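So, here's a batch of structures to check.
First chain A sits with chain B, and in the next complex the same chain sits with chain C.
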Partner chain A sequence: MAEMKTAAYICSGCGLGDKLDIAQLGKIAQKEGKMALVREHDFLCNTEGVQMIRDDIEKEGVTHICIAACSRRAKTEAFHFPAVAMTRANLREGVIWVVAEGSEHDEVRQEMADDYVRMGCAELKKVKLPEGNPNRTQLKSIMVVGGGMSGLTAAFEAAESGYQVILVEKQAQLGGWANKLWKRVPYKAPYAEPQDTGVAKLAAKVSSHPLIKVHLNSTIAETSGAPGRFAVKIAQESGAVTEAAVGAIVQATGFTNYDIAKLPELGGGQANVVDQAGLEALAQAANGGALKRADGKEIKSVVFLQCAGQRDDTAKHLPYCSGHCCATSIKQAMYFKDANPEVNAVVVYQDLRVPGMGEDFYRSAQHKGVIFAKGKASGVEPTGNGCKVNYRDMILDADATLEADLVVLATGQVPSAGVNLDIWDTVVREADGGSEAAKQQKSELQKISVLNLNYRQGPDMPQFKYGFADSHFICFPYETRRTGIYAAGPVRRPMDMLQATEDATGAALKAIQAVENASLGRAAHPRSGDLSYPIVRLEGCTQCKRCTVECPFGAIDEDERRFPVFNEQRCRRCGTCMGACPVRVISFENYSVDTVGNQIKAVEIPDEFSEKPRVLILACENDAYPALDMAGLSRIVYSAFVRIIPVRCLGSVNTIWITDALNSGYDGVMMMGCKKGDDYQCHFVKGSELANYRMSKIGDTLTQMGLEPERVSSFEVAITDNARVAGFINEFVAQLVKMGPSPMKGFG
Partner chain B sequence: MTSSIATNQTILVVGGGISGITAALEAAECGKQVILVERDATLGGRTALLYRYFPKMCHPTCGLEINLRRLKGNRNVRVMTMAEVLGVSGQRGDYAVKLKISPRYVNAKCTACGDCAAAVEAQIDNPYEYGLAKTKAAYLPHAMAYPMQYVLDPSIIGTADADKARAACKYDAIDLDMRDETVEIKAGAIVWATGWKPYDAAKIQPYGYDRFANVITSVEFERLANPHGPTGGKLLRPSDGKEARNIAFIQCAGSRDENHLRHCSRICCMASLKQTHYVREAYGEAAKSTIYYIDIRVIDRLEDFYLKVQQDPTVSFVKSKVAKIAEDKDGNPVLHGVDTEGYHRYATAHDLVVLAVGMEPETNGIKLPDDILLDSSGFIEGSQDDGMCGAGSATSPLDVNRSVQSATAAALRAIQVVHKTSTVEGAR
Partner chain C sequence: MNDLNQQAAAHYGKNFLKEVEDRVEDGEWVKMCMQCGVCAGSCPLGPHWEHSPQKIFRMIMAGKRDEVLSSDSMWMCTSCYNCIVRCPRKLPITHIMHGLAHYAHKLNIAPKGQPTREVARLFWNSLVQTGRVNELKFSLAVYFKDGFVRGIKNALAMQGIGLKLMKAKRLNPMEILGGHKCKDAGGIKKMLAKAKEIEDRRQGFSS
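Moving on, here comes the complex of A and B:
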């Protein structure tokens, strides 16, 4: 690699030249920043300014550039120099737009800018241009687990895009739940009649597709590896094991119906009470003719009870709504009406939930004479020849009854997501402690596991609410916590068939993306395209396991000697491991303990008599840093005593940064991250939580240093908090002023 | 003129809201070349104007930030704003698309310094505030705008204001000679992520949206709650600027109604439940929200959100399709109707009424290519030869989560088209 040659470019546009002494900034870059080349420009982001930088790169051999101008979030198209390492000193959004107007503030404004230039230069010296994970793989096949409608769709769509697919199905034939349906809810205009499921046709296309290999009667005995190099053991019912290598995985393991036997109060267990699956079986048997009960009697009256064992607030049954059941009951009521319009079909519902074009399907049922009654069932009794339904009519606000030959309970979907990792953790801990019962339980859990991942974080995907393997994010439904493994269909969220096929198509795309990323050595979402990757200096490692335990993505294994083994393809580049490491042996080429530490040390700390406190802000680059930028954009003023460093995630904050800062005389440290708790906002799962936890441990250190623990504080900052964040800063600085200067000043 | 920026391996995504951005990025991150065209001056679409998402109550701009970062780092996507599709010819694998590019009057030299806005005097209705606020006629769409460039409103072109803006710009970024341009590009596949628009509430005559200042729509209410919005996040009603503490939410405003939109718009129940949180956030126990509904359609896991709102003593529910709204002497809207649970008549005054307006395809009223298949409400089902597909709320009234799933699926459908085109060509 060419020798490092540094250059700093200082812009005087956008009012920077009016508010700041640009020549002084240049001098600082040269003398203190030790930049080999320093240039000023009055409009750095225009063609001429950019050309000047390009020329330096090409003709002067510049390899490292510091751009002292606007925020790193601005002018990214102009300042795009992929061949060199770059840092940005934020003089516009971070200084002149947020420091109060007026000449009385000239001094502190200039000091702030001076420091940002020092920091940009200091960081630059520790930054390398990321080269991408050297462990690249060209394995691009995709494994789909589950051969129902979702799995078939994912497999077919991936194969149609040119990728090899391995489809693993537990049962002897493809089709899953869809095989058991007589018809499906319509998914195309005019949304009036039940339609063929199309599952047989799709299964045939999958079975004969040249790029798809189907394994029936098979489950996954073990999954190891990482995106681009998963090694899978596929176990057949016969006991034979096939080994396969795949690049990414789609988990489409579907659902089971909530057990009707758990609903005796609604007649579960009675002869003339069935669930929706039971009704489909009767419809398949009738084959378009009149539907008959198990005892052979033709059904002349039927009552559908919606939300059976669902939307339950007593904690006895499912608390959620399964979304599809209203439309499914409408469809099933039509089976009766279409075969014989004289059949009395009543749907008892609380809220009829048929969103979108489902409304047309609902109308169609009304035209066919299906009766809809708003009410809540309290009991179903056998009458000898049928059932009596007791319910509360919510329109008349009165108790009412209905007699019917058959009652159908619309029960919900229970996801087949494998092992709940919270339970797994407990069981493993107890088993490791020697409990025989726990060892037994562990092997039981392994049997129900879908993927049998050999990750230290457990054998399956983490579950979100109610056991569904969903993403935690609204904007990013495919943001998985197991890189390269994507859930699709009702295993991720209760859903109907239309949504499931849509979801499966999306999941197939994400799997394709995962193998493409792995082949280029770059990160997956949300730092997609990031070529940096964690580098560990094993000779310094003390085998403390913090990195392996805290990695939110299960990217780090342990070898026999308990050293960490990084699976870079699983890594999402958040830096949580770097924050966790007590001996600081983990780094990224362009983000490390040194790149941040050097910035912290570069700030000039005024002495204790100057009445100029210095506050370090470590701000999450996703929410807090943009909020601070937008404070600038709205010209919201905050204290000029703060020095802000963006971090990838608060989870990447190593406590050495805090102690170094305090040792060198900073008066306080603010950490700004995302919301914690159940509705956490951190895209690296628990960054703010970890930071909070680690900081709770730092209190003792502070006390030993003779410092008040209040000097270090963390804040939850949302991206909309531009005004609020300025308030936080000003209050914190005021509090520090009251507290007086740090006693560490002058010792650093 | 056929530009050379695209080939039949290029995927064209029409619409730069969350679905279009997603479709473009997902395809681009698989290595495909994408052109993303947006009619407005900025990407972000309608979600960028929402205050919070249900059920997490997190901010849409957080996801937008991540998506914009993905976009800034990905050279496979070319973004064209102020660009509208005029026509599409050709077929699957080989389209020629005619685009009209409207003048922004500001070029890429713009640094977003704001000097032009300071110089200009004329004000216009802020298009990103649903008309609830004014903005200078030289403006940045919003704080998360991409590209981060100002726009001059066409109304000041030819006036002294335009000259002032140009004179104020130190960077030669204002170009008053810009004109409408027409360009033609090639594409192998087209994703229509054209989104939705709020149903015109004035058409629901009995609710008096066009007559009563204090009857507003749910999208407008989002702006009132937003700290970046016209009231700085305070829930002030339009007629007199008084704090609106007692707020009625009317569900199915235009939806589930064959005189208006025949479909259910899916999101409005959750949106109103979410908005009761805004009222509570503002006034605590002194808040009062009333939801007038037919069915509360909170699908799947969102049930617990509904349960939480039901337990909130400041929120009540009335099962009723409101018959009409009148206004009392103090400017309070008075709701008339029958509560169908027990059949009571009511006439209830509120400080403010929020109409949970339905979602209509943005493309209603716009001529789409003949190949496109639409359902009875105008949502896109696909195309004759599958060379074009819809994404997000252009295909169905969807929430953000489902829109993104849909857009991700659409990206794969588009990839299949260009993949097959290249395989066939490779074989030739």
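Moving on, here comes the complex of A and C:
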């Protein structure tokens, strides 16, 4: 696109024409916005209006368009012009729907619309049509790590969709835990009887699939690269190393059972106490017949203790519920009842949790005569030829005992997620400092690492709570902070086999999406399909490392001269690096310090005697901006003194915008982003947290400028907060009015 | 302990749940209770039960035979059917409570002098004699069930109502002389005897 030709289109539909002086907006676009072409239309999104724009693009050679109509989130199908750069001035949701009715508000309403047109035109001059990441590969194979039920499912589903798969399994055979089960909890109607696991059949299908290459007895020695170009070294037990190139990775490394040796109070270590895996082994040995103990005695009475070493609030054992164990114990109690209805099987539970269709399974067990006792076990003692369980009956509120030939402890799932990066960071720091013990520990950690990533952020993906592999728990479960690497199954959160297979299918689809996007030079989730990518002007870089450290996705490495190396395929396009960069050398073609800075400067600031404060709102486009649109949709009125600019993530907010705004006479700045902290809702995980941290440092700057620190404030806004967000705005503006106009006015 | 009770306890040993399943009306439902407590919360007489239905079910599963059968809890049931309507597992709780009460009565370990039990017994006794309940005799029997002095007091307290009922021809004092019978009182007796025989056989008492 050699020459830039701009055009502004101003719509007077949807009541815009009744409430606003459209001719004046046109004049502003022409005179102040310097648009080469300005057109008005009374129904811009209809066929005729859209055709008008298309004609201009074709015949007039328009390359940049500003549409002054509705929100950028509305009418996206009509206003889809992939060949030109576009900005949107939000006059409908942003102005006429939120400014109070009545002619006394005509002036402020018009001023607001004028400013949005100015901002749209100003932004337009700084945006380029994104061309997509030039580093593209056509490598679309997918590596699945782990050959259990999740891994097998992910591999099979990806291969069935036509993608090459490399499956790496540590053990000598496929199947994982599922191999060790006699039966599985039913996954088909009527959900009444334990069913065959089907794992042998699935493993056979995977082994013989023409698109799947299986590596047994193998682990990952090293992973480097990015989506579309991962280079993996697969180490066999024998020592041989195979190198492979893959486009995306699914980590389905599962779990181990919580060690019952840690539960001596519940009989862990006693001969007649087993965990659920131990019981499966007895059931496999019985092969459908009567179950016998290790010592050969036929089991006539069995007690299952739920939540053994789980849901523990003493910090000694697992604090969480593993979700599957109630249904698993029900299934195992049925092993006994099905072989011999006279066996006395009691399940001692605190809360019986049977998600999915488990309630039917529970009922079926009751029909078969399994006894369920709500209670909490306090101890298991060996007796002459069995065990005595002491427990508190929570219904009868009394201590009680049960005699049994065998006690089964329902222990929880412990994820096999590799290295805890928090520990890794400390160890690496100490090892770099010369500590021999730390060096030793580092090599130990490398041994337990699953992926052995050579990223600067550490060898595995970050861990979420309780050591489970990363997952954007609330919104995008398969997403991790390592782009193109997806966690599936119990490594990500505790789950049963049915959930794990669904999970694996989802993760396989995400992996496919990642390789396809990488092949087109587009972003992965959550800006899936975005063609813009970070461009860095290295000659201005001061090697401060802030971008490499703050990138939530580990997309940026450092070269030997400590300059940042962008792995665009790993990048999620949140702009956190752009917000972090103190010398502002990072930008996107259609989103940069200038595109926002120009908008900030385009707003006309009334003088200090006008009693018209101006407030800049930087709103996260994922949640806060939709909430603001929704406020408009429900006609919730808020102050007409605000000017809203959507940002990709609060993490992309560069403090220069704040100081620029205050310098040019804005009275205050509101930043609206997603919830931060442990239960974050930030689409980019760390963006809102980082923004909050940076803003906590801005108080000093404000004080130096002679401004009250309260003039800049952050707000957590969820997508459902349409009513709340109007309240925030009105309160903030009222507070500013009380504070009086900014002393910077007139100096900008 | 009486014979029937001893026999039953000996036959089932610790497995009281099995005994209830075999011998109590709708007893096979007990094992389906999931201990949610909705029945206990729904019972309008809840605070007056020593053990709520939920607890009774748990006690049965825990083998607390004597506590259950000698309890007066299930005698508190007024058959309002709230629990049946609300039970998420569709247990016929009201029927089970009646079944338990009936079984405890039959084994003669139900609490002695329990008012519901006594009134039910008087009602039944009146009914089986003539095939009809003699209201006058039944009322008097209820008044005097706790002794002569108590009976006189009860009767005096109810005097006004009795006179009004007589005036309205709803109560015939001549019924005291025997009252009217159904057409085939003998047939009724035979029928009831047959029903008892069937029930005993089903509950395993006949042999």
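The working rule: the second predicted complex is superposed on the first by the 743 of 748 C-alpha atoms of A that agree within 3 Å, B and C clash if a C-alpha of one lies under 4 Å from a C-alpha of the other, contacts with A are read in each partner's own complex, and residues count from 1 in each chain.
One rule holds for everything that comes next: a residue touches a chain if its C-beta (ideal position, glycine included) is under 8 Å from a C-beta of that chain, and two chains touch if they have at least 3 such contacts.
Note that this is a predicted model, so its numbers are computed, not measured.
Once the two complexes are overlaid through chain A, chain B and chain C clash, as defined at the top of the document. After overlaying the two complexes on the shared chain, residue contacts for A:D623 are found with chain B alone; chain C is out of touch. Of the two partners chain B and chain C, more chain A residues are in touch with B. In the superposed pair of complexes, A:D393 makes contact with chain C only, with no contact to chain B. Touch criterion met: A:L352 reaches chain B and chain C at once.
Contacts of A:P134 after superposition on the shared chain: neither chain B nor chain C is touched. Legend: residue contacts after superposition of the two complexes on their common chain; A:A74 is shown touching chain B, with no touch to chain C.
Of the two partner chains placed by the overlay, neither chain B nor chain C lies in contact with A:P210.
In the superposition on chain A, A:G434 makes contact with neither chain B nor chain C. In the superposed model, A:G102 lies in contact with neither chain B nor chain C. By the touch criterion defined above, A:I371 lies against chain C but remains apart from chain B after alignment on the C-alpha atoms of chain A.
When the two complexes are superposed via chain A, 37-45 is the only one of 37-45, 73-81 or 181-189 in chain C with C-alpha atoms clashing against chain B. Note: residues 352, 363, 395 of chain A belong to the chain B contact set and to the chain C contact set alike, using the contact criterion stated above. On the side of chain A, the complex with chain C involves touching residues 352, 362-363, 366-367, 369, 371-374, 393, 395-396, 400.
Within the complex, the chain B residues that touch chain A are 18, 25-26, 29-31, 51, 53, 56-67, 70, 72-74, 108-109, 111-113, 140, 143-144, 147-148, 170-171, 226-228, 256, 262-266, 295-304, 307, 319, 340-343, 374-377, 379, 381, 396-398, 400-402, 404-409, 411-413, 415-416, 419-420, 423. Against chain B, in their complex, chain A makes its touches with residues 13-15, 43, 45-46, 70, 74-77, 157, 160-162, 188-191, 311, 313, 319-323, 351-360, 363, 394-395, 397, 465-466, 468, 470, 473-478, 493-495, 499, 502-503, 505-506, 508-510, 512-513, 516-517, 525-526, 528-529, 622-623, 626, 630, 633-634, 675, 679, 681, 683, 718-724. Within the complex formed with chain A, the residues of chain C that make contact are 17, 31-32, 34-35, 54-55, 58-59, 61-62, 89.
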